[in-house]
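So that you can tell them apart, the chains are marked A, B, C and D in the order they are listed, and the count of residues begins at 1 in each.
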Amino acid sequence: MIPGEQALREVVALLHGELVSSGLVIWTGGNVSGRLPDGDHFLIKPSGIDYDLLEPRHLMLCDLQGEVVTGSLGSDGSPSSDTAAHAYVYRNMPAVGGVVHTHSTYATAWAARGEAIPCVITAMADEFGGPVPVGPFAMIGDDSIGRGIVETLTGHRSRAVLMQNHGPFTIGRDARDAVKAAVMAEDVARTVHIAAQAGPLIPIPQDAVDTLFARYQNVYGESPQGELFN
Amino acid sequence: MIPGEQALREVVALLHGELVSSGLVIWTGGNVSGRLPDGDHFLIKPSGIDYDLLEPRHLMLCDLQGEVVTGSLGSDGSPSSDTAAHAYVYRNMPAVGGVVHTHSTYATAWAARGEAIPCVITAMADEFGGPVPVGPFAMIGDDSIGRGIVETLTGHRSRAVLMQNHGPFTIGRDARDAVKAAVMAEDVARTVHIAAQAGPLIPIPQDAVDTLFARYQNVYGESPQGELFN
Amino acid sequence: MIPGEQALREVVALLHGELVSSGLVIWTGGNVSGRLPDGDHFLIKPSGIDYDLLEPRHLMLCDLQGEVVTGSLGSDGSPSSDTAAHAYVYRNMPAVGGVVHTHSTYATAWAARGEAIPCVITAMADEFGGPVPVGPFAMIGDDSIGRGIVETLTGHRSRAVLMQNHGPFTIGRDARDAVKAAVMAEDVARTVHIAAQAGPLIPIPQDAVDTLFARYQNVYGESPQGELFN
Amino acid sequence: MIPGEQALREVVALLHGELVSSGLVIWTGGNVSGRLPDGDHFLIKPSGIDYDLLEPRHLMLCDLQGEVVTGSLGSDGSPSSDTAAHAYVYRNMPAVGGVVHTHSTYATAWAARGEAIPCVITAMADEFGGPVPVGPFAMIGDDSIGRGIVETLTGHRSRAVLMQNHGPFTIGRDARDAVKAAVMAEDVARTVHIAAQAGPLIPIPQDAVDTLFARYQNVYGESPQGELFN
């Protein structure tokens, strides 16, 4: 075992339970991954497993090319179909320690229109520092999804991207931070959708957005995209 | 007992619990059936039973005409009002091993407008290979509903049909696969409804839909309608 | 104790739990009542009690004038504010054995517009035999609400009425039947609302509505308003 | 310990669970506070704690300037970011015994449009005596939010205010009463939003609103803003 692997297995397994209890996933959809302390590996959900059967030992250990480490726990199965996308993010964003993907309802609805979520509530300024952006339409199976995530989130305050016609991917300092971003992304997607159904939204002035984001990073820790506020 | 009957009783009883936990049914509505290994019988929920009282022994054993097998477990009650529709499907679609019917909210809402769900999210291309179609308005009590299901789904990639003014019926390789289709049908019905409330949806190009469906069938198993992709 | 009182206390207490698990009530709102076998009394929830504290012995025994029977179990508290309305229904509709009132979200939304729910799904034809009607705006504190319920539902197939700007009241052969009507009323209110948000609804022909209602009454028992179908 | 502190710790910890079970909060967001019997202190949730880990001993004891009482239970952590707002309310509204803040979905949606919730359902007349008002846009970190709450609710019947682009704050005679106001505010925000999506709402005449509010205050206890009805 790689140092820290067992502890991370337990955390990442528990965090999959958060996706369920937060209503972000159905059936076997969605996945959480977490990078190991060595920086060169990550743990990810196997493909097609029921959430209520998932145990720490089922998580699959992959290198940064997305290849399963042979002989490791869980290595008999297949890793999530989204493993290549997670691997691409870990290879190209060294400060990222966790990645989450879901098809949560409201975030996916914005993605089906290819529309960014405007920043009209203070919780969104706190958490994402502005709008939640849209990434390109990309097919599963090669680096397209990973590249779309990295290109959209590099230099952006948001830890969430809505991949067009697909759904949200979120990143974080660690797996828990990425899950928090997934929970908050769905929450703001829902609230802003509902707000917009009934009339014009009041924008938050840019300097207020900046101040709220800076304060929140100071209290809860810096985004993995680095110091984006000045 | 028919070989495999007891095992299927347990599976089908558990799958009814999935309808409840997934929020697809209320009160005593909805039903799951599963075909026995002999191909000539299926198990279905009795009429009007509370979900939290349903046990494997309550499920009713029917032949492919929808007649209850006398003397079998559960044969004192009445089978679901939808038994004739399930039987028609089993008689006419030999590869179908499970059938599910619900009045799940969003799928039924599309059905009340007689409108197919357009394929604008990749999860829908994966699961249904295109739009979820609408079947005819049909009265309960004879073969009308079963015929509408079979005529709509034969030669179609979708395992779900929205029966007009009524609600979704889904089919699968087995009962679990049909329940998965019911869960996914409601999920895409909800997501696409919400997306469409706020502006135009971006279609997914047909060749991308084809590629996604082919990959997914390869990973998770072929649809009971047979090899529909080429 | 009146014959059958203890059994009814247990049933009515359990049915209050159904209101909670079905998402029809919040905080201490809503109430179920059930008529005793003697025909001359009913049991109803006390005012302002938490649902998770409600026990059979807390239910209050009232006569058909809505007066608490002194010395009976629960008679130290105050009965629900809606007791006069329940009593009016029991006095004037002898076949009614149960009454339910909630402020469930979608049914109350139709009530805030004073708009009847059109019959566009077969489950609604089954259960209510047509549209769910609107009753008058009526103030709490005298017979106004009860009179509005009785005048609207007498000679109507529906067991649910949407009291304008207030919320749904439902009746049934017994308390469980009235709770079923409350659950189904919210379900059809939600489904038809969502359906109508996205375009025109397809009506169900009147003769099909009639046939569906007749079949369902035959299977699940007749409405307390008597033989309304012919 | 201040007299009554331990009992209040237990109540306020339990009430945080109500925010979760009522669906008003996600992750670590939202907070409840309660004033101690001495009038000069209140207990509030620490910043960033998981709801399922929160115990009575974690609550932080603050004076009316919002300063943590050193050496008290929980005083090693940081109090909620919203502590200054709570303190301002307690300083300036002596009859207020509890304050709640959430970002509950529908109430926050109205806040994102800066739109008051009109009084079109009787439960709202009962509980809030009229519309739920909007407060100013205010930045976190000084007295702005507290001042906005107090200025909006002083002389108003409503115990809830929708702070623009932010979310609801509610007050009460005690912490439980403030939580009830938060639950009811989200409920009416949701119901009235949904009602308004489908057509014009029927207003409730002012004299009926007045009568309903007076009756309800008489039954369930007077608002902390004092005798507002006459």
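Convention: contacts are C-beta pairs under 8 Å (C-beta built on N, C-alpha and C of every residue); 3 or more make two chains touch, one makes a residue touch a chain.
Predicted model only: the values in this text are computed from it and were never measured.
Novice: Enumerate, in label order, the chains that touch chain C and chain D alike.
Specialist: none
Novice: Which is it for copies chain A and chain D: same residues on both faces, with over half shared, or different residues?
Specialist: Mostly different residues: under half of the interface numbers shared.
Novice: On a CA-centroid basis, which chain has its centre farthest from chain A's?
Specialist: C
Novice: Could you work out the angle of the rotation that brings the CA atoms of chain A onto the matching CA atoms of chain B, rounded to the nearest 5 degrees?
Specialist: 90
Novice: Could you give the separation in Å between the centres of chain B and chain C, each centre being the mean of its C-alpha atoms?
Specialist: 32
Novice: Starting from the mean Cα coordinates of chain B and chain D, work out the distance between those two points in Å.
Specialist: 45
Novice: Give the residues of chain D touching no fewer than two other chains, as numbers and ranges.
Specialist: 197
Novice: Linking chains that touch, what shape results: line, ring, star, complete or other?
Specialist: Its topology is that of a ring.
Novice: If I apply the definition of touch given earlier, which pairs of chains qualify?
Specialist: A-B, A-D, B-C, C-D
Novice: Any idea which chain C residues touch chain B in the complex?
Specialist: 22, 120-123, 180, 183-184, 187, 190-192, 194-195, 197-202, 204, 208, 211-212, 215, 219-220
Novice: For chain C, which residues are in contact with chain D within the complex?
Specialist: Listed in rising order, the residues of chain C that touch chain D are 26-27, 29, 47-48, 78, 81, 103, 105-106, 108-115, 137, 139-141, 164-167, 193, 196-197.
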